[in-house]
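Before we start, here is the structure in question, set down as structure tokens.
By letter and in written order, the chains are A, B, C, D and E; residue numbering begins at 1 in each of them.
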Amino acid sequence: MTTPATPIVRDILSKYESDNPGVKANLARILMQGRLGGTGKLVILPVDQGFEHGPARSFAVNPPAYDPHYHYQLAIDAGLSAYAAPLGMLEAGAATFAGQIPTILKVNSSNSWATSIAQAITGTVDDALRLGCAAIGFTIYPGSDGIFDAMNEIREMRAEAAAAGLATVIWSYPRGGNLSKDGELALDVGAYAAHMAALLGAHIIKVKLPTDHIEQKDAAKAYENGDWSTQASRVAHVVQSSFAGRRIVVFSGGAAKGSDAVYQDARDIRDGGGNGSIIGRNTFQRPRDEALAMLDRIVSIYQGGE
Amino acid sequence: MTTPATPIVRDILSKYESDNPGVKANLARILMQGRLGGTGKLVILPVDQGFEHGPARSFAVNPPAYDPHYHYQLAIDAGLSAYAAPLGMLEAGAATFAGQIPTILKVNSSNSWATSIAQAITGTVDDALRLGCAAIGFTIYPGSDGIFDAMNEIREMRAEAAAAGLATVIWSYPRGGNLSKDGELALDVGAYAAHMAALLGAHIIKVKLPTDHIEQKDAAKAYENGDWSTQASRVAHVVQSSFAGRRIVVFSGGAAKGSDAVYQDARDIRDGGGNGSIIGRNTFQRPRDEALAMLDRIVSIYQGGE
Amino acid sequence: MTTPATPIVRDILSKYESDNPGVKANLARILMQGRLGGTGKLVILPVDQGFEHGPARSFAVNPPAYDPHYHYQLAIDAGLSAYAAPLGMLEAGAATFAGQIPTILKVNSSNSWATSIAQAITGTVDDALRLGCAAIGFTIYPGSDGIFDAMNEIREMRAEAAAAGLATVIWSYPRGGNLSKDGELALDVGAYAAHMAALLGAHIIKVKLPTDHIEQKDAAKAYENGDWSTQASRVAHVVQSSFAGRRIVVFSGGAAKGSDAVYQDARDIRDGGGNGSIIGRNTFQRPRDEALAMLDRIVSIYQGGE
Amino acid sequence: MTTPATPIVRDILSKYESDNPGVKANLARILMQGRLGGTGKLVILPVDQGFEHGPARSFAVNPPAYDPHYHYQLAIDAGLSAYAAPLGMLEAGAATFAGQIPTILKVNSSNSWATSIAQAITGTVDDALRLGCAAIGFTIYPGSDGIFDAMNEIREMRAEAAAAGLATVIWSYPRGGNLSKDGELALDVGAYAAHMAALLGAHIIKVKLPTDHIEQKDAAKAYENGDWSTQASRVAHVVQSSFAGRRIVVFSGGAAKGSDAVYQDARDIRDGGGNGSIIGRNTFQRPRDEALAMLDRIVSIYQGGE
Amino acid sequence: MTTPATPIVRDILSKYESDNPGVKANLARILMQGRLGGTGKLVILPVDQGFEHGPARSFAVNPPAYDPHYHYQLAIDAGLSAYAAPLGMLEAGAATFAGQIPTILKVNSSNSWATSIAQAITGTVDDALRLGCAAIGFTIYPGSDGIFDAMNEIREMRAEAAAAGLATVIWSYPRGGNLSKDGELALDVGAYAAHMAALLGAHIIKVKLPTDHIEQKDAAKAYENGDWSTQASRVAHVVQSSFAGRRIVVFSGGAAKGSDAVYQDARDIRDGGGNGSIIGRNTFQRPRDEALAMLDRIVSIYQGGE
């Protein structure tokens, strides 16, 4: 049973003031779903690791995860907000789990063997509609040689999606070009990446948790008076850079790591005013019981617990 | 928070075996919504009376109902399954109530001054998508001179809607041509109307509760051995005529009437195996408190109560 | 396992010399299907009676037939050549029975309450493709006021279907205009109706078994030297009128009747060189066991038995 | 005569839960065809060697194979499941063999003189429909510089094909870029290639039998605890990587080789849970009698024999 | 005067079994035209030299040939089978010579100054239709860097042409990439080029007469047991490589040369089972009388003379 939208959710939706009710309804579905429904916080399960890193690197550590149904069920049982995956992965379960959890069709994908920093379009807005998705997801690599092509693509797909009432999630991952390896996670770079996603019209922005490194010399001055030593302060800066909090921002934790680190990330995201986590490998690469326990703890943290 | 689909709902969805997951997801949203979520029963609030009968005949008896927000709120507060209305009516509240209740865009409409038994197309599938609707609704008047044109229209709109993952509700109201006034509500006519809607590909069929009158001479023989004296038996026949229960069938109670009659209708629909009620005037033409009390009772009846 | 096409089937296919291999493959599927596969004879189960006459008149005498799955299973179990039905009827079983029997989507339909002699378009070539059909079926009423509109429609749909490799079956039922009631079944009229279907590009022609009445005064002279007293001779004339046997012609037996009459029809169709029967009410309006026994006998007759 | 789908086939089809009945019907046709019909196993004859390697290298050793009809007849006489070839090759026999064996139109092709690792689009979905095909076939070269372009192409063609009820077979052959020559056949690479095909929406995945080489350093850890010494274990891993067996996977044996090796491949594919073989050069490059004997043995192996 | 198609021509046409009657009719027009009409042999006059080599190199040696009418008249007076030229060349005479000889619109062209091995599209299927052509002609350069683009183009143009009943002639000229200069005329290369044209759906294949050089190391083995010393044996291999004779193959003689060599080429093409010559410079670069005499002799050779 759908709970009426809470004041927090209504407030978030009100900031999407140029969007049609269809997009708002799909954002509302995500924001009202699961155990964090109504809190303005969200946890998304993304499973595009198979495309990006190959099946064994993604699932061998927890073999049931080779089955696409596993992830739908995990997201539902953990009470998460949405489940994001590429075309084939969604198709393999979309009828069985129809209407049980909002899905995000990842419409572009890269892979480990790519010889350029780019992505192929592997799904469409029509696919998202016929699969009953709430949103499309698109990755851009700001900094890469192909970024303008990618921006042209997301402009077209976002426009088409929004006209049909679908929300757009942009994964904004700086990479390539003149960016250093450290720079990809730098604070100034992450904030800039989030801002570009917002400017491109993302309804939900997904970035990585930034370090306190400052990559751009030209930007150093802007950061010199801030105290960026805590992760929460860096999260707050990314949120600020996403239209002063007018856009939903979720953070990814990166590669699988210890659970304490994962919980600390969640606390920092919460304390910095971020909207939540998009957490894949750290869950589906653990045994299901451990993953559910971890997600339970993360949800609790977002609900204000420890 | 969305509850996982119940076995009853899964079973209903499995009968829509040629539909894409998008259509199934929207049917699931309706079937999982509100107080009847998960039971396989549903109550829909339709507010197209203003178009059909004019505002004063529709709303003067309960003036708050002139405000489109009134109906959204009523449907939500009563824990109903969906809310159906024409374009303007939905647009006036779609953002405020985004994601709180599945909506059905009534895409054609008639009015009291019509000089032919027909309807104008007043909404589109694109409208339904941008407004975040779960379905489109379309009225046909089997028996009327223009029925073939209307069937041509619904064929096109249903195909477009289904490709985009939207369900289609067909209001099948026999009228005109060689049908007598009594015949419009005849059992054989109502069953035939439901069957035609099913053949046209309706995901949800809406017909009127039939009387025990048999209109068609050619059909008399087919009914002569049945006992059609109870309304539940007549409901059962309409359900049987809707692909032996493979399609969701909801019934309208017609003009405003005494609440006891309304409750008896709900019991008969339930006992005859119908999926629920689509109930407009009998609720919004009562004061809100009375309407909520009545809807509470109807919901209870569908939940198995008295 | 598919049997290689027999010489008889190859010969029939060779007469469709302007058609692409897709159309030939679909004709071959029908001609190689079931117990008559490879004989050049075929029996098709059509279930559009619900649309034309209403559900009770169609199914009340054998209630399991209200369920769309019943007809798929009957056609499969009886070893028939194909199953024809309108959109909703096919959709309700197309996934369950995928690939088990060739299906024909009836793309236009009339009903008992029609105030004109015409049909609505209720399905499309796109529907036929997504449902995995082998052919579309279309009814024309030569003689009716609207026949030119119907011909315009079938021209367009046949072209679209044939380009996509689908065969076209035309139900050619003279009716209306200046035709007398007896004339609808007259020999000259039936032969003319079959010829018009052939001229419109039908791959399979469906007409009614004609009587020995001659309707058209202008045609009387052409028939005066023939002996049309036997049904087989009349079938032979219809086949002759269908491009001298270059097109598949199947005959319907009309309303439900005694089984001896049905068997005699089959013998006459066979002896007159017709390709087979399209037999609906006479089967699904009997209990399943009786229907299977009757179809077994009909198949035996087409195989050369008594 | 078509046999009703077996429980094994029904189970396979049920895993294509987001596909329309047309796609399911075409998969069913392949799975019910020939001597392996109904077993869930399949053997496909592909003849695109002429395009890839030129006619003499492909056919000189068995000159009757220069004739396109030879391959249709071989596939039919051997009781195989489907025949795959490029446009011209199919057109040269599609009418003669219409409806006798499911065909797969190979819609892109490379050749021995290519100066880039890529393919030309040489056929279309419209071609596949007018030729009566059951599926389209498309080759991707994961790892190559042009892989993203190829993915964009297959996304569009698959969507168009699926809407028209055609299945899609993806030949996923890692090649180029940073992959070593040994790496092209590595276990981790083959599993990843199969997974990418599944994610792109392939209904049938075709990969090469992998060796026990592990190419990617990052993937080594994921494989270190497995025993990959048997080919069956490697097949099982590829099947696992194809959505845990939710997608049909067939394997190619590569260049012509001794028959014992071919039989062992079939046993390993069977024992590892693969769905079958796609076997070209090893059959049509032998005299027809030897090829039929070999295919008979392969079929027997898939039926559970030795 | 149109002669009824001979058994030889009927047999050739029957091999285009997937083509519509429009394509067959245009092939029949070419095969029934001129002095070789009905023999299954053909001689085509191509005049695209002006585009490829410039006017003076093409026509200065025989100035009347600057006039487009000259070539139409030459082809007609010599009793040839068809005349092929680029857009402007055909437009300059298409009305004057309407209906007098089948024409082939060369739809792509290169020129002497080209900086890449490629061609521009200089005519369309619409042009061919409005000019009354029987076919389009398209040149591909297998081996060149741009071959995949060219294949994409011919796929589209051939499909469009065939749908409109036009035949397609593919000039398949290996060039560029890794091919050596000698390799362009190698036997294995020419056979492969013809095979690729057949696979692309060419109705008439045009290749150069090959030498006995074998270019591809991988192909050497396939040729080692053959005796390729005679030109007729090499022609026979090219014909075999063109679907075992199921496609019409014509050969060009290359640069202008002595008439004895030209006659010997024709004898070899005839004796090897080729369908004829496409002969340009060797005729129009001679004075008209000499050209007519030469063509008379060539026609005689194809008729079985010396």
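Heads up, the rule we're going with is that a residue touches a chain if its C-beta (ideal position, glycine included) is under 8 Å from a C-beta of that chain, and two chains touch if they have at least 3 such contacts.
Note that the coordinates shown come from a computational prediction; the quantities given were computed from them, not determined experimentally.
Hopping across touching chains, the smallest step count from chain B to chain E is 2.
Shared contact partners of chain C and chain E comprise D.
Interface of chain C with chain D: the two copies contact each other largely through the same residue positions, with over half of all numbers used appearing on both sides. If you match contact pairs by residue number, over half of those in A-B turn up again in just one of D-E, C-E or C-D, and that pair is C-D.
Chain pair with the larger contact count among B-D and B-C is B-C, by C-beta pairs in contact.
The most centrally placed chain, judged by C-alpha centroids, is D.
The mean-CA centres of chain A and chain C are about 56 angstrom from one another, to the nearest whole unit. The mean-CA centres of chain A and chain E are about 59 angstrom from one another, to the nearest whole unit. With centres defined as mean CA coordinates, chain D is found 36 Å away from chain A. Residue positions of chain C with contacts to 2 or more other chains are 20-21, 91, 94-95, 126, 130-131.
With chains as nodes and touching pairs as edges, the resulting graph is of another kind, matching none of line, ring, star or complete.
Working note: touching chain pairs come out as A-B, A-D, B-C, B-D, C-D, C-E, D-E. By the touch rule above, chain B contacts chain D in their complex via residues 17-18, 20-21. By the touch criterion given at the top, residues 50-51, 53-57, 60-61, 63, 66-68, 86-96, 109, 111-116, 118-124, 126-127, 130-131 of chain D touch chain E in their complex. Residue ranges on chain C touching chain D, taken from their complex, read 1-5, 13, 20-29, 31-35, 37, 76, 79, 91, 94-95, 98-101, 126, 129-133, 163-165.
Against chain D, the residues of chain E that register as touching in their complex are 15, 17-19, 142-145, 147-152, 155, 159, 174, 177-179, 188, 191-192, 194-196, 198-202, 216, 218-219, 222-223, 226, 237, 240-241, 243-244, 246-247.
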